[in-house]
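To keep things clear, I will list the structure first and then write my remarks on it.
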């Protein structure tokens, strides 16, 4: 049973000269104990999707269609006050740069206590310290007395995760959680999230452009391109049997997979299409090596065992 | 044949501040490094390892407290030396957009090196077009301002500007940071093409090991401002001699769910340079630290052809890791 | 046509358009343009000679012949106000431009130059601005004697330290920026870095501050002239008109009103324009752009 499900969601921005369609007819779901990865390049709509999931769409964004259900209730239909109550309590988010999530003039302990207080949880310092310990902070008592700038990037990210987990939410959304970190810290945060998947009984959604993070951490992956989920599959199937031409192209141009010294890396020619004037057919056709005349027609979604592909030429 | 860039025992120490205080905090210690003609050397390490300080010290943006820099065998000394170095060597900054002066057009920015060094430029517009073409940007880009460029375009403008005076060495600080996978590949291909075409040497500063494996002939690993391992890239990756190098390689997320690392190769964080550990500075995080590592500092010692490592057990590690590597790839 | 390679400041036209779209900025711009036109075209638009006496016609209320009436010497007030605009704006703009130029150069040098020079300059700025303005002005006037040039000198001395400090702070903040490091790494000299790269990026806030300071200077000039320490009568300074009108407030209240209105409007005009410019130029406003 899925904790969070997105159904036919479309989000657009009003921009000078029209509407920018950032998210188009996206349907996804994630269950307890599951890690869903949302992968894509900049401009693919993954950050807008993450913001919509937590109800923090920026000014000018408009939900054109669809629903986001948390335990069955459509969050988009809830009044603002109730939405705000769910945020932080049932659904929490971790950002790329945790520094921005903290108030620089208050100690970590004070901020975590305020946060718990705001959500009506009667949790004491001991519980907060316990949570810090759980996310791998070596001396939680001392950490509580510190200011955000006194912590390293990796430590701040751990504290941010602890803060997100304090209210025992059903869903944790992590937007590029390791992008600002060194390799060693990245590995540690990946391990932490992986441990949490089993110990914390909720769903985790990881949004990233980093293929390595997806492969190390996720159970299921949705690949986004030009606002759409072009392919969704189990992580092993996605990396070892990609069906959508865009997924294949993306996987092949990562320097981490190309054998060393093999000269040129493969690239994807062209650019993402103008999101204010999208073609009626496949949005990837202009850059696709397999494209043919029929790709100009609206694309069917093939669904198969545990996967879906949005392509004329590949069956799921 | 002399190297394009030769650093010998270079040290950088920052004043600790404090009134009339002479105390200095060592950031880089006795770093020796050379980049041969047309060679590509990668400098890797976590943040705080001193890799960006090293690049800035080479370019004369950071005062050096000891050691020497030589370019093409000639010592770089004083203002005249740095003026020559800044003509023959160029730097690409980590944040490509922020490294472009915001109120000037791309056309002006790519031709600025000529103006700075007083090189006659009869047709600046033509030169701008030529340089932009070389990095795969359309001529119309010359009229844009930095904030109108995408990350990949800004990176290309940075490359065009670095190449304007046909340098022999390019120092690239995290050349692919913040770029999407596909754009990253394009920038790396461009750098490889230009290297082949112009005989450029690169000093690439990065923490992205996939990048190192792909572009570097040799790799130098820094930890807390000291070189801990150096050697040909393929050999270092196949059989790292320093446990720090080994754990960096192991920490790298692999884009293959079948090769997930279930154990954590490295724990803890880089110690503060204010409180350097005793003995081997890596012992606080080293999975194989022994008693002697806490007390005795190892030296950077040669371990076979072209390789050096700063570990008491370097030879042992190298052989063990090499065997493991061979098993994995059988 | 400007060449792309010559590199110009971006979006000048965009700034103008954004200013016109802002009602307050537009109002400020209109007022400022009207006063500037008055000042520039005074000899042609003023109906009478501003210092021509006609004692028989003194203290006349507004009429068809004298739209704004006449003063105690029978001089046409509208003509005096129009010529007064020339005087007020002339002094204000000249002095803030000189002060701005001095502040810009000293601020850039303090911000980018060697540490010791910075310390010396900051000491100068601080001691200049610690002097109480009105006493300082009185002291200078006592030494040099009242007059237009003295007034300009006083205003320049009083206002440049604030400009210099603003520029210094901006310069200090930018001198560690990546693009300045990149320029240094390419071998650019201090002159090029200061004038090509720092100046265009620090000058915006100064323009705003100067614009907001013009009304202060107009008021200062009026105030000093009112005290007979500024522009010497019979020159038609707004302060002089006010001061003369004040002596006959009961007999002919229109004189003070007529002199007060342009003072208020000019002050509002430059303040609105300054605030409009700040909204348009302020880097913090740039985030409003989508994406």
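For reference, chains read A, B and C in written order, and residue numbers begin at 1 within each chain.
Simple rule for what comes next: contacts are C-beta pairs under 8 Å (C-beta built on N, C-alpha and C of every residue); 3 or more make two chains touch, one makes a residue touch a chain.
Every value quoted in this text rests on a predicted model; they were computed, and no experiment measured them.
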- Looking at Cα centroids only, farthest away from subunit A lies chain C
- Going by the contact definition up top, give me the pair of chains with the most C-beta pairs touching. A-B
- Query: Quick one: subunit B and subunit C, Cα centre-to-centre, how many Å?
  - Reply: 51
- Task: For subunit A and subunit B, let me know how many angstrom lie between their CA-based centres, rounded off.
- Result: 31
- Message: Could you list, by residue number, the parts of subunit B that touch subunit C in their complex?
- Response: 56, 59-61, 82-83, 86-87, 90-91, 93-95, 98-109, 111-113, 115-117, 124-125, 128, 142-143, 145, 161
- Name, in rising order, each residue of subunit C that touches subunit B in their complex. 3-10, 177-179, 181-189, 192, 196-197, 200-201
- subunit A partner, complex, touching residues on subunit B are 46-47, 151, 180-186, 188-189, 192, 207-211, 213-214, 233-234, 237, 247-248, 250-258, 260-261, 264-267, 269
- Report the residues of subunit A in contact with subunit B in the complex, numbered from low to high. 41-42, 152-155, 182-188, 190-191, 209-216, 235-236, 239-240, 249-251, 253-258, 260-261, 263-268
